[in-house]
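Next come two complexes built around subunit A: one with subunit B, the other with subunit C.
Let's look at the complex of A and B:
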């Protein structure tokens, strides 16, 4: 081996210290408490805004009235209550679910791959979903078919996303082991193939039949069509994914030292990897079914939160889940209000906000970015 | 709690070696790398494993940790066959100190040392007070307790290597495996590392198997040396018994002279100028 170059004893420190350096009770309460409060405020605020003007006070009163066991004197019309409960609230809550799912699975993927460039779509979840969604647009141009409250497109996207990740995982498997670099490369190859196949499918269709606009808008993401039925169906997937992830947060921490060292620390590396990839892919697929391909949330949120609270996955997971939810609730609010009545695709907002924010993080680190 | 359990276990079976490999065969591709390797390590001794590059030293360590499986032969840890150990129980018995920690993410020293508690901590339960105490004890043992809140990447090479040792100690093992632990360290840090290791080995009755490239360093700090060549142990004994001109010629293909260290009489190796015995062998680095 080559000898290491002499290093200055004190490397330049990353600008910006951790706000919550010590895992003490107070900082944990502060972190989650602030996050939960902000999330509730963001949801309430986002619910109050929409084309029908309902005052913020009425919004709060309707929301509180909707809680079990609490009655509030009615100062609103029944139509306003219906708009809030059946149209706005499911959409806002679904936005939170999408943000939570993408951020949590970003945390897991970056942890498993020990790589900062990884997002939940890295091993084919997005290309598989997009390919399947285009098939969905093909076989049901009017989107008239409904499965469990879903039209063909999100249902197929969910399946396509999961099947592709499984395919990539087993393609990368050799001698009972999956090397993460092989997994990444297999993901890139399968993704390129599916993207090409998707483009071919789109080209073979005549424009009149084929809703290119609808496809592109789906590819850029949005939670516009989600109601309570879909939320209740997808929520459990995210919930299960989060619980599994939390149970494996400790082994995932050990895997930060590399797979061989994790093995020496008693972690069953291959099983942990498989279960974590399955959990995060389930969450990603749920997010894709709810909102199409929302860019950048799963990449940026884990980075930002990690800079503030450090890399311990036991806290990082919950914190990224909370703040990812807040991010997407606000992004969706922006998406439907900036150009009313036109709705901007959600992925456009997350990209426009997330890209510069990410660059800012990189600049602040001045080339010493340790994720 | 686990440290006292560990002590009784060691006392009860003080005759069984902490580690033993018998008649291990391992192939790498078509080439046989280990052909009947046998060795043992007892509690309370530092055993240095010497050998040329590619002679299978690191492979031997990996066969013990279970990253690799031998084609045949038996690996026993604390008198019990390696494969009979449950993974986490084994990680409480033996710990690995790599040549250099591969730390992804910006962990602090204390967070890293707590990773050493991984085999003790339940899946959903957090670190108990006992876990936090064990991590702190491990940091104190290698004198990095004042670095607890520092970030790993800001540390010097010597401090980093002591973090690696602290992680291993936090596992509360009875056996330590070290893979060229001082490879990247300067002279002062090398000495400090081995002083710490020697003290801990005797205090805690650890069995230590260390792959070491530098024969003179190994002669100074190891109680016993093993010389690995042609897939088996060529020589096994005290530094004086193992480091002979004949063994050095057969293992490394070099002509060497030996002089006793002025302080403690341990043998130190000096290469003779330009006299390599076998043309096909290159001298040790």
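Let's look at the complex of A and C:
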């Protein structure tokens, strides 16, 4: 039974940290440098545009004035400064956080499951969050519960997302092992159950079209952050998740060859899987709390980046983080400006723009896409 | 649209009447088309008016061809009352263009959706309602529920009630209306009124359908008087004064992206009639979801809260107080907050019915307060 599976011929030893050829310094600088520059430009550009028309010069002056120890002569109104500092900038930065978190956990989920169709929501993160959020919208007590900038909905969504993933994980666990297929199927089953329960709640408990409208736009995603509290609370989850993920990028590379191979290479497969799922679920829950269910970002950004730079998770993780952040910053910009002052759900934009863009990349790869 | 009804009535055999009917039909069509051209979606007022004209023509052998002018409406009512012709059977064309005949003054009425039930209750005829939707049970003492909570209605429950008239608000109820028609119940599908005038028309129409024509006309006339008193004063003021910028918050289920009001809502019409201007008059949709940035940028002089803690009732959910609104991040920059003009209003104030005139009065008062403060600020 335990026939030794043939190892690919050029497989380098993991101990030598050379599973994949190390990227050249120049290409690394180019990749990350360009990404970082684009992200800064996207954030600056998105901060300068909004339903309130504030000139680009004033935007820059207000931002510079906000830095410690620098005073700029005031050429703007107080309302403009408030809009920039307390409303627009926190929102743009939160959009970046959401994009980074979803793309990074998309990379991790796809890696762990070795399945290109997987996204961060696959094992119940979205259905659990949605169910809990609908409870927040419809049933949570009257008191205006606000803690660290969180009202019921984001707080419950965060908890619901994590609890559901945990539940699915332990449902799929047998004999100290979690088979990815079982995990996927358990995730789908729990998701179906929770989605049905959520629909039932929405149909029976809602007495107002506005509450339903609010639920639908939450389900389609949208960065609703105002002020810095939410960002400051959720940022660390994403930061820690990213660092943990980076530390395990090389074992994840090994796992992409199959769990048996990874085991043979000395990777503690089950523990790696658990830690990676925990890290990416934390990031996903943070993204869901900040922006609801933003579809597509966690599925497509990893693929798009992989098409360009290949499957090495060490590079893939950071690149997906950067470009996912750029994608969502720009999508959120479109969501709040196209029909201003009416908000378009973010998921509508990510789907409409992301889908065709990804197909374009796929066509250009001409079937040479290595997952 | 409402033209189908004209050709079916066989009572008028001779040539002259056929020509008369035809010309009235063409005239009614012209009115409807003109209204469609002026406004993208045909207002329910016109539809109601057109159907009234139809019925009038059916009842009488001689028609006054100038009846489509609004100024003649009152006169028309008087003329109808003077006629000794029996009111029933009454043949009408409803707002969905379908014909119905009400054989006698209905005593067992099923009304579906609050925008219709409230009108019946305003006329003091709620005791004739034997079945209503889940949301309207409080307004109809004798009625049982026929569904509605999950956007479906129970045709069996309706059949069991054996109503002699079913009034339905158009909007997600089309399938149910069709089921009821197939069971040969008279069904009047009523468009959602998009103006106060349309509400007054619907009051008249429901009064007529229930055999209480004078009651409907009297209530509508009384409301119109109050309506004119306010709107004329506001119109006079607007000759010399800028309109007050008003932000109305309907719901804050998502606190940072509240629902406000936009074009096509009765709320916006009332604000404008009262001498204000809706800061989101150019938004998409009747109830746009907006963000704080655009609210602060629009700098409203008056903020109206429909879901307030101050006036919360058992239907309120997660209401917010004026003080909490003032403390929102960045809202301290808004003129209305600085002037203390964050005004709670009852949540059901803008629901269709006679209450809309109350809404107009309340909004006009709030705008008058805002004007007084603005004048003070200017003087100082």
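Basically, the second predicted complex is superposed on the first by the 315 of 371 C-alpha atoms of A that agree within 3 Å, B and C clash if a C-alpha of one lies under 4 Å from a C-alpha of the other, contacts with A are read in each partner's own complex, and residues count from 1 in each chain.
Following the convention adopted for this analysis, a contact is a pair of C-beta atoms (placed from the backbone, for glycine too) under 8 Å apart; a residue touches a chain by one contact, two chains touch by 3 or more.
Small disclaimer: the values here were computed from a predicted structure and weren't measured.
In the superposition on chain A, A:253 contacts subunit B only, with no contact to subunit C.
In the superposition on chain A, A:105 makes contact with neither subunit B nor subunit C.
Of the two partner chains placed around the shared chain by superposition, neither subunit B nor subunit C is touched by A:126. Once the two complexes are laid over each other on the shared chain, residue contacts for A:114 go to subunit B alone; subunit C is not touched.
Shared-chain residue A:265: touches subunit B; no touch with subunit C.
Looking at the shared chain after the overlay, A:161 reaches neither subunit B nor subunit C.
Of the two partner chains, subunit C is the only one touched by A:86; subunit B is not. Of the two partner chains placed by the overlay, only subunit B lies in contact with A:306; subunit C stays clear of it.
If you check the complex, the residues on subunit C that touch subunit A are 135, 149-151, 250-251, 253-257, 259, 262, 280, 283-285, 287-299, 315-320, 324, 328-330, 332-334. For subunit A in complex with subunit C, the residues that touch the partner chain are 50-53, 77-79, 82-83, 86-88, 137, 140, 142, 144, 151, 153, 203-204, 207-211, 213-215, 217-218, 222, 224-227, 336, 339-343. On subunit A, the positions that touch subunit B within their shared complex are 1, 3-4, 7, 9-11, 13-14, 21-22, 114-115, 246-248, 250-251, 253-254, 256-258, 260-261, 263-268, 306, 310-312, 314, 370-371.
Listed in rising order, the residues of subunit B touching subunit A in the complex are 62, 65-67, 87-92, 94-96, 98-99, 101-108, 111-112, 115-116, 118-119, 121, 123-124, 126, 149, 151, 153-154, 156-157, 167, 171, 183-184.
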